[in-house]
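Which chain is which? They are A, B, C and D, in the order written, and residues in each are numbered from 1.
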Amino acid sequence: MDYIFELQMSVRDYECDIQGIVNNSVYQNYLEHTRHEYLRSIGLDFAALAREGVTPVVYRIEIDYKYPLKSGDSFVCKLRTEREGNLKIVFLQDIFRLSDNKLIVNAKVIAVVLKNGRPSRSDSFRM
Amino acid sequence: MDYIFELQMSVRDYECDIQGIVNNSVYQNYLEHTRHEYLRSIGLDFAALAREGVTPVVYRIEIDYKYPLKSGDSFVCKLRTEREGNLKIVFLQDIFRLSDNKLIVNAKVIAVVLKNGRPSRSDSFRM
Amino acid sequence: MDYIFELQMSVRDYECDIQGIVNNSVYQNYLEHTRHEYLRSIGLDFAALAREGVTPVVYRIEIDYKYPLKSGDSFVCKLRTEREGNLKIVFLQDIFRLSDNKLIVNAKVIAVVLKNGRPSRSDSFRM
Amino acid sequence: MDYIFELQMSVRDYECDIQGIVNNSVYQNYLEHTRHEYLRSIGLDFAALAREGVTPVVYRIEIDYKYPLKSGDSFVCKLRTEREGNLKIVFLQDIFRLSDNKLIVNAKVIAVVLKNGRPSRSDSFRM
């Protein structure tokens, strides 16, 4: 796949749960942080957008859990984007363990852009 | 829908993000806590299961975000379960705002039961 | 001690870490949620205060960890307040396990009220 | 001060709260992650210690909040250690904003080493 952005991180022990593995909800934190860093990297200015009444929001998320990360693991989050109709932006995001490139999580995150509270053509969202 | 379990909670301010609404990943915390309280309510003993080498794990999650919760909101998480083949248990979970019964989140969580690390017939998981 | 407010909660499994006990930082979440619910109970309106440029902030926190909470535990957070000089408000907060009233955490949280970014007499903060 | 370890991190947006600044409890996550990475760097093996019944636990924490971190900030956590009597290890930890070296948080974390559940001479904890 042709990823357009990637970000490396390491598991922090407080992210692990009783089973000694990263809690399911924490992957959503990793995925969000990667999306925000991507948007920052292409110069997207949330504050300026907000002043124009433009807000991107997550509409739907699908996550397949393939293999768990553990304390001490480092990993990379990779992403690419797609359009779905005029109103939706799809982020395809995968997480791989760094030591052996094992696929950990495979996610599809669908966002819509709200302008003054209503869905807006996502091309107003310059990506 | 015929829900079989429900749990009321209130938004905690630290769960809200810069936009003043509950962060997307936090709903997964609400959903997990509800599932675990449900399993506890039917007498499922994780420790005893673990001693037999039986572990339920989340295999896939789908969440539709309908409307955001805010600071001060109270809400109820409702769930029902379904089987999918012999190996999967599906939790259908909805979150409603208490003040007006507005649908906030609609989720499908697919779990599998691992026995000694391999998928096992979920009827060994007494539900 | 003469507590003026209390709030009951239960441990959520995602709050527990590898050792199977509630992670140290999570107690700060419990303490904050209790303070905010207390302030809400006395009618303190953060939004209205913010419009006047008034913001309460935490200045210092001291926490003594006496005994850990575990998955399945319910507990109560109790608080009382004190003034320290004209500028500081002290929250004395204790957490007890419900089953046997065992002391879990003992905390002192010192807040100051900022008015337009500068420390302000805390009596402008009606408590 | 003579710091013996440091770790750089960046604020993640989900760590920020309604006020647009990093939530107070999150600094404890940063501090813990830094301590654990330090302990890992000196070859301390938690799993091996646990097999000998040795567990380090936080006994008391004191945090002074000097200035808040915001979305987009990068920072460095620095630490040094001290002994306090035979039974306590003190971690002195400071967080500085990278852009201008501004002091953000100043913390003192006192740990004790438990051996089979009882405080043990911390020299059994090879640091």
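We adopt the following convention: contacts are C-beta pairs under 8 Å (C-beta built on N, C-alpha and C of every residue); 3 or more make two chains touch, one makes a residue touch a chain.
These figures come from a predicted structure and were not determined experimentally.
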item	value
Longest centre-to-centre distance from subunit A, chain (CA-based)	C
Higher-contact pair (C-beta pairs counted), C-D versus B-C	C-D
Subunit B and subunit C, separation of their C-alpha mean positions in angstrom	28
Centre-to-centre distance between subunit D and subunit B (centres being mean Cα positions), rounded to whole Å	33
Distance from the mean Cα position of subunit D to that of subunit C, given in whole angstrom	21
Subunit D: positions in contact with at least two other chains	13-14, 23, 25, 29, 32
In the complex, subunit A residues that touch subunit C	13-14, 16-18, 20, 23, 25, 71
Of subunit B, residues touching subunit C in the complex	12-14, 29, 32-33, 36, 40, 72
Touching residues on subunit B, where the partner in the complex is subunit A	19, 23-26, 28-29, 32, 55, 57-65, 68
